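Take a look at the structure set out below.
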Amino acid sequence: MSTSDTRTAPAPALPESRRRIHREAGLGVVLVVLVALFATLTPRFATGDTFAQIGTDLSIVLIVAVGQALVLFTRNIDVSVGSTVGLTAYLAASLTAAVPGLPLVLTVLVACLLGAALGAVNGALVATLKVPSIMVTLGTLYIFRGINSALAGSSQITAQNLPDSYSAIATGTVLGIPLMFLYALAVAGLAHLVIRHTFTGRAMLAVGSDPASAERTGIASKRLVFGAYTVTGLLCGLAGVLWGARYGTVDSSVATGFELVVLAAVVVGGVRITGGVGTVGGVVLGAAILSVISTGLALADVSPFWLQAIQGLVIILAITFDLVLRRRLESRGVST
Amino acid sequence: MTAQTTGRQSPTPVPAAVRRRLPSWFGTWEITLLALVVLAVALASATSPYFATGQNFSISATGALGLSLMVVPMAWLMVAGEIDLSVASTFALSATVFGLAVSGGLGTWPAIGLGVLTGAVAGLVNGLLVVDVGLPSLIVTIGTLGLYRGLSYVLLENRGISDLPPGLTTFAQENLPGTLVPYGFVAFVVVAVAAAVLLHRGALGRAVFAIGSNAQVARFSGLRVGAIKRGLFVFSGVVAAIAGIAYAGYISTVRASNGTGLELIVVGIVLIGGISMYGGKGSFVGVLLALLLVTVLTSWMTLGDAETAVQYMVTGLLMVGAVVVPALSRRLHMSRERRRSAGSVR
Amino acid sequence: MSTPVIELSGVAKRFGGVVAVRHVDLALFPGEVHALLGENGAGKSTLVNMLAGIHRPDAGAIIVDGAEVTIPNPRTSRALGISVVHQHPVTFPDLTVTENIMLAGPAPRRRTRLLDWGTARRHAREALARLDVHLDISAEVKHLSAADQQLLEIAKALDTGTRLLVLDEPTAALSTREVDRLMEIIARLKADGVSILFVGHRLNEVFALADRVSVSRDGATVVTGPAHEFTPESAVGHMVGRSVETAFPKAEVELGPARLEVRGLSRRGAYTDVSFTVRRGEILGLAGLVGAGRTEIARGLFGLEPADSGEIVLDGAAVSIGSPQQAMRHGVAYVPEDRHSEGVVLEHSIGFNLPLALLERRPRLGLLSPQADRALAGDYIDRLRIRTSGPDQLLGALSGGNQQKVVIAKWLATDPSVLILDDPTKGIDVGAKAEVHQLISGMAERGLTIILISNELEELLAVSDRVITFYRGAQGPEFDRRPFDAEQVLAAMTGQVSDVHV
Amino acid sequence: AAEPSGPPPPRPVRDCNLTMIPKNTDNPYFAAVRTGMVDAQRELGGDLSFVGPAAGDVTGQIQRIQSGRQRGSCVIGISAVDSSAVAPALDAARADGSRVISYDADVSDGSRGLFVNMATADELGRAQFEILARAMGNTGEFGIVSSQSTAEVTNGWIDVMIAQLDEAEYSGMRLVRTSYGDDDAKKSYDAAVALLRAHPNLRGIMAPTPIAMEASVKAATDLGVADRVVVTGLGNPGNQAELLKTGQVPAYVLWSPRDLGYLTYYAAAAYTAGEITGRAGETFAAGRLGRKTIGPGGEVVMGHPITFTQDNVDRYLHDFETTG
């Protein structure tokens, strides 16, 4: 939860002519290096199939990570995302199983609305009562999971209980590009537009950068925080549907511990946990890096007993590399 | 509170200054927690004849040892504005090294030493990455969470070691002879009291609060921000190692999976204890009360055969309620105050 | 004059048990510069915050164009034509200069409702050009110096539609050049009929500007009148409620041997080839404009950002100072320039903050005595007249000037032998400033070595034994007290001279 | 832990609290086990507490053991997540006068008086392996997607399968990798995808746990290799009958969880009533299952594995009911 702020002295203000690169450039390089590395390790890596798989694999994480990033921008956090995904996945799947003829669009809509409602609960508590978001969402993490467990009990909904069209939401492709990836890209693209090119988006970052200043400027912090949580919930709802569609089996434990995966993607993507800093592009790269690592290691057929250790190591190396690269560039007078 | 400070410079009447303040380590949040503990104990005693017994105390305290120990350094780290999510993995890795050493024929103490050293190194690596490389601790320790847990799997694969020294299992499982007080509980109380006093009364504790509130100010005040943070990560690793070894003694087994997921419970307790995720705030007394609360609730609900779903919902409602109810009452109080003062003027 | 733009009638505001504003009446007319004076903690910023829509008055009325209004939030305030420069910059450190300016006002949008970045950048450039400041508009604000942030704040407030411009100590972090520029702008706005409420502690500025003056004491306006009816002394008398000494004559001190010597100190991008000697009992002033590199030299001496090359000699022996701990071991102390980010921990009490710089000397595992902390705090609360409800008060609830006093006290408490003060009296009221000067002077008498950086030339010349000028990171001419020739010092600071050698 | 001072006095099951701890409650398999226990309880009486953690974890099991011990349960029965880790808690319960039995998944020897096993590991391993071998024509590469790497029962079966590979008949088969899905749908799916992609010549996946089987079938289908990759292993007809009927899985193995619960309850009743002590050769009446004999090591083997196919699966659905 620290940043390196304490170590870097304020740089002198300099004229406008300074060279500039995107903060995400370092991450981009990391991604390319990783891809190159795995491609040399395993010939099977550099194939269309692999990229399709990576694209599918990162999608659910990315969709939720975009939401989480919005919340983090405002100097809040949502650790209930795993439970929200789990609960909406269960509700969406059981709805589909119970009402066979239900149009899929409706299922997706219902799941998104349910998710948004759960997110709104978080948002209302955090925004209006100004209580620490970590406490609220840790609480709802348990509550939502408890509801899920109470509803699902020992039952499991499997692909056999669901229409084929349900699973097709996740497994379909367009021109060889996985549908899931397209959904995720659409979500990320929209989020990028809002964050980068609307007042609302910039104001969200402002709230996280300095909440007191936001108040003094008259930015409607409450509405923004509430909105960020609601959108996150909505995206969790979408992710819930996709989860069920992709993995086939839905029980009371769907997406347990998913919050850490999401946080990892977001933070690797350069979003600061204490708010005010980050881009949607970074989040996309963060999710992609993590997915490339896990897919690459899986293809390399690493022993399962080594998998976790190597994955942890590669994550650390990747973020260190990114940081060192950025420092290098900065010392050469390129600002990021 | 001294009278001299209020008199001369502020002719304005300041009743707030005269009112005695609650100490920083026992504020309204700690009172809330204490009330919740009392309520939970009362309900549990009323509904289960097995709750308010010496045996239950002994069993609960023994079972909570590993968790309780790990809460201590996590509280310190989070006050300093950092976090260590790798604790449960260090917990397993150190126990693994210890277990391998024991089964390799090393004596109990040297094996413990080796295990603790492992924890210290694991903590140091975290510290170096955070302080010297400058990476955020959250992501560093998510990485080492995987790395350390993974190393345990590399070392043990799917094997377990259950031939542990009897001295250790006795320490981790049994009570002081003739009492219902577990050995481990005594050890924990010593550690906890020392940690509490040092945090709230010690120079180091003060420094840690300053670092967590504003690391830049701390550095400008001549505090060794980096050294202290590094030290805290090592402390975290060492305690996680001790906890991991003790837990191995408790279940008489070392496995690579020992303590999986425990980090979130540890962090959860520290947060319930009122320590801010952003550092610089909170009280160790609150953390101890949170630990007590969680232990009491777990025991009560287990004795009542509550299903996991119910346990989750109770835990969650409690956490949300604990922050929401005081916030609501504060709001109510404030709006009433505002109305009153407005009324008195017009 | 015509009808007031804004009138405050009997407004009051309390925070819990603390009455910040008891009863203030104030009428602000178009085209006037109205100065509001008062001791630290007199309630000036609270008043400003009520105009800005941040605090709602508990009692009284705010009247705009003859009608009572409520200002529930900053947007309403702006809509009423009120622009505010707060005492502490209201910025978003992680966002760029352009974004900071954009977020303060109505943001330019395209028909698609998306932001129009081109226009936003143009607005930003224009706003800065109005003040004649040169900032990288795509730099993040956290990389700007305190002075630049303050300038940015002013630039943000200089909106067209402004009817009342409120400036709460806008010059605290500024040096002569920027202050002059601001004065020009104020004059121009005034000519355009804008009403200006100016809060400040530098009386010379105030009297150079103001048409009318109000003095507030203990949260109540005690007197209002045309500026020419006041003298600095009478104004201070009203502020304090008794007559006080506002200037202490610089004591003549017998200088001791050289204590600190700096030889050829350089740091890339900051300062080059800096050499000087300071003796025991001497007060050395460093003069320069904002950005001259004085702060960086001070940080170099304190081990925060060590110099790349050069030598630091203490009592004749070369030392290496690579960290603040090392500096402190050599008896060097540094009062930093930015109180919020470098000086004090806002969310903790005075009793917590005061002994902070002493901690490193305490045994790591030793215990602290809360009584001793409190006594220490109590002592300095008295000596520096810190207006507070007691040692347990949180720093964040203190007025700006009183926070600054805590920063100074924190370092005085370490009992240093070399004290570097970086703009120590910024935001401090006249009375307290005199006390700080007396304190510094007294320390010099006791043989301390003092390096003083100040943006207030008057202060620098009043207190220093010797002044070295800096211009853009290069050491310039040096002046001895005989007494100082302010004109020449100023010329050297602004890089216009190099021949006046002394 | 202290040894029990002597065998606790016999107590009729009617006056008893029985704490029966499954690995995890949110699991249709254990729900069916519970149904069987409730069947037996109707016949014998007694107070059944079927309690456990929602998701299998050692700490959760230990807490339930201790709660049973504090309540003075006359029997604590457990399907252990970890055979040695729960042993100290079981020992303490025994010292306090509870009788301890294990079912489904054993605990360390000496920490229980009786183990109710569904079938021997050897038979279960072979039964699963044979389906796979037959479907693969005894040749080709296959991989395993298991549950937790530390799940001892499953590991036991895998050992049996690996031993099978040494037989001449199966010399054409090769195990390329064992990976673990932790009984989690996503992890199992990812493990199966990894296996299929890293080994393009794979002909079969052995999934000795129902969640992994479901996930492997889905992975093979999604990757478009379902026609050449056989998936089989352990399945639960309760909610996986369709897998057989659609032909996605040729056959899979299990036993009757309902009978297992029923038998466990009967064994517990006989044990607490003092009819049996856990010595080999003792026999007891097990209601509709007839008389059962205790084998060596205090193990009661219920019967043989059942191989389910699309033809027979419907007949067994009764065994997987989860009502009550």
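We just call them A, B, C and D in the order they show up, numbering each chain from 1.
Rule of thumb we're sticking to: contacts are C-beta pairs under 8 Å (C-beta built on N, C-alpha and C of every residue); 3 or more make two chains touch, one makes a residue touch a chain.
Chains and their UniProt names: A = Autoinducer 2 import system permease protein LsrC; B = Autoinducer 2 import system permease protein LsrD; C = Monosaccharide ABC transporter ATP-binding protein, CUT2 family.
From a predicted model like this one, the values you see are computed outputs, not experimental measurements.
Student: Tell me, which chains sit next to both chain C and chain D?
Tutor: Of all the chains present, those in contact with both chain C and chain D are A, B.
Student: Starting from the Cα centroid of chain D, hunt down the chain whose centroid lies farthest away.
Tutor: Chain centre farthest from chain D's centre: C.
Student: Could you work out how far the Cα centre of chain B sits from that of chain D, in whole Å?
Tutor: Their C-alpha centroids are separated by 37 Å.
Student: If you average the CA atoms of chain A and of chain C, how far apart do the two points sit, in angstrom?
Tutor: Taking the mean C-alpha position of each chain, the two centres sit 43 Å apart.
Student: How far is the middle of chain A from the middle of chain B, if each middle is the mean of its Cα atoms, in Å?
Tutor: Taking the average C-alpha coordinate of chain A and of chain B, the gap between them is 28 Å.
Student: Can you pull out the residues of chain D that are in contact with at least two other chains?
Tutor: Each of 25-26, 54-55, 149 in chain D touches at least two other chains.
Student: What parts of chain B, by residue number, touch at least two of the other chains?
Tutor: As it turns out, chain B has residues touching two or more other chains at 153, 157-158, 216, 219, 261, 307-309.
Student: Could you pull out the residues of chain C that touch at least 2 other chains?
Tutor: Counting only residues that touch two or more other chains, chain C contributes 304.
Student: If two chains touch, include that pair; go through all of them.
Tutor: A-B, A-C, A-D, B-C, B-D
Student: Spell out the residues on chain A that touch chain C in their complex, using ranges where they run on.
Tutor: Those residues of chain A that touch chain C are 5, 9-16, 18, 20, 193, 197-199, 202-203, 205-206, 208-210, 212-219, 272, 276-277, 335.
Student: Under the definition above, what is the set of chain B residues touching chain D in their complex?
Tutor: 50, 53, 55-56, 59, 63, 153, 157-158, 160, 162, 169, 173, 250-253, 255-257, 260-261, 298, 302-303, 305, 307-309
Student: Under the definition above, what is the set of chain D residues touching chain B in their complex?
Tutor: Going through chain D, the ones touching chain B are 1, 25-26, 49, 51, 53-55, 57-60, 62-64, 66-67, 69-71, 82, 84-88, 92, 108, 148-150, 155.
Student: Which of the residues in chain C end up touching chain A in this complex?
Tutor: By the definition above, chain C touches chain A via 52-54, 73-78, 86, 90-95, 99, 102-104, 107, 109, 113-115, 117, 134-139, 142-145, 148, 269-270, 291, 299, 304-305.
Student: Quick one: in the complex, what on chain A touches chain D?
Tutor: 42, 44, 49-50, 53, 57, 149, 152-156, 158-161, 167, 171, 243, 246-256, 294, 298-301, 303-305
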